[in-house]
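Here's the structure, in structure tokens; my notes come after.
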């Protein structure tokens, strides 16, 4: 477990030193601002259609941070050292994902509260939206690990990661948006939790397999 | 050779008719050798001859096209060895000490060893500096600190003296000799002789 | 059969006559199926003549999923046994599957215009097909972005298998989503509700698509193997 903690702590420290959640948060709020600009500031229209759009902003904000997740480790040789650890590579990949969730996913979920209010979500729904975003960013990151790992060797692979990962974002977006739209909140939240668990179970396994190939 | 050191499960590398390729290109063809405790094996060969691929195969990163590699000295092959390649495995934003701390966790080393490792490679004064301000030679020393930080019987070194000055090379030779005296095994890919007398020399030509 | 063909040389010998054979079968099946479906089969009592798009649309939907399943099997074999012919097969199948998915989407849209009164409806099935099409695009893009073919094959295989696991989840969530947003399914086609007189031309067309897939797959694989041989020969020539 030591290696897991060491990897988690190091990634948190490095991400923090690299600006932490500042850029993704700014991106998230900027994308949220574009929604009323595209739909018009009409209150009734925003009330009926606005809140689920925080999910688009959150998905894009996570996507934008995935590219360097493993690429840096592949380029500077850290990946080789990870493979020589007594801990399985899957666990270390999960540690990196957990670090990313703490530094980027959780702040995004919290920022979801003001963003949802700005998009005219009913205040009573805001706690559920924050919770759903916390689960949803975990699911995004779990699936994102796979996209980041298979494209780690591709220079300027940002668009490629997005293309690969976006269809797998469909389930969390669907259930997350249902929460934000106030439809079947309880059921959607529990399915969302299932999505996050499945993504965090499958993601590290597939990502570790891809990273072992990248190191060849 | 003396094999009375701390490595009780005597380390050994047994390579049998190993063939390695990169795509369709064969780099190493039917290579066989045995190496045991206290040995220092030098791998020689020109640029692009497959020295790096050979070391990465010994480390278990590259799957052989044919043949067998057996690593002894720990219950799992990857736990028996250290690999210091062309890439130092360092993060520019983290300090030298933070690296030592991270590796101690990653490889399961004690706190005492962690604190001693930077001194062994002569980086005590630089411990709190971020890696991005270190010179190439100092960064190389930091990468070599992994070797003393967590004791592992087999060292695989790819051009370990790259960017090191004369004193750094002496330090490296001393590390290798001490490891051999402890009953360890060192395989190094080099262009010029490192200093220690090799117990065997392998030449790879693709 | 499969283990026999696993040898590239035997595959080349087999496909040299099998590819044209399947191509011929496809031509015959289309020659029978298309007129049958488009002229001689009965019109639907609700949808009239527009139901004929189904004979192009439904087999494309079936086989775009079937091809992906085939790629999943090939990827698994390539990944576990490191078999290069399986890698070649998975890669060669992808553009065909993507084309089937595109045909399905386009004919679905054309079908939607007269029956739903709109070119696009976010119907559950069409949305899942769109997701499958995008997964195909991602798979093909990953292949073409990598220089090292061997590595690309393994990584694409991982991606393909991840997609295979995810597709039912995507399908489930899209179905959940579409029942949430529209009370009843608009489209009533395919499945067992189909009239027997429509089954004949539909199965003929499905057979035609399958034969076409087999022929195109073998041709793509042959092209890939020839290209590899040329590259290998050039490398040997360059070294000498």
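Per-chain residue numbering starts at 1, and chain names A, B and C are given in the order in which the chains are listed.
Everything below uses one rule, namely that contacts are C-beta pairs under 8 Å (C-beta built on N, C-alpha and C of every residue); 3 or more make two chains touch, one makes a residue touch a chain.
Model, not experiment: these values are computed from the prediction.
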Touch-based graph of the chains, sorted into line, ring, star, complete or other: complete
Chain occupying the most central position, where position means C-alpha average: A
Between the pairs A-B and B-C, the one where more C-beta pairs touch: A-B
Farthest-lying chain, centroid of Cα atoms versus that of chain C: B
Rounded Å distance, chain A centre to chain C centre (Cα mean): 31
Computed distance of Cα centres, chain B from chain A, in Å: 37
CA centroid of chain B to CA centroid of chain C, Å: 49
Shared interface positions of chain B, touching two or more other chains: 63
Set of chain A residues in contact with two or more other chains: 216
Touching two or more other chains - residues of chain C: 148
Chain C-touching residues of chain A, taken from the complex the two chains share: 146, 150-151, 153-154, 157, 160, 163-168, 170-171, 174-175, 178, 183-184, 191, 195, 198, 202, 206, 209-210, 213-214, 216
Of chain C, residues touching chain A in the complex: 131-132, 134-135, 137-138, 141-142, 145-146, 148, 151, 154-156, 158-159, 161-163, 165-166, 169-170, 172-174, 176-177, 180
For the chain C and chain B complex, residues of the former touching the latter: 82, 148-150, 228, 231-232, 235
Of chain A, residues touching chain B in the complex: 2-3, 5-7, 9-10, 13-14, 17-18, 72, 75-78, 80-87, 212, 215-216
Footprint of chain A on chain B - complex, ascending: 56, 59-63, 76, 78-79, 81-83, 85-91, 93-94, 98, 101-108, 146
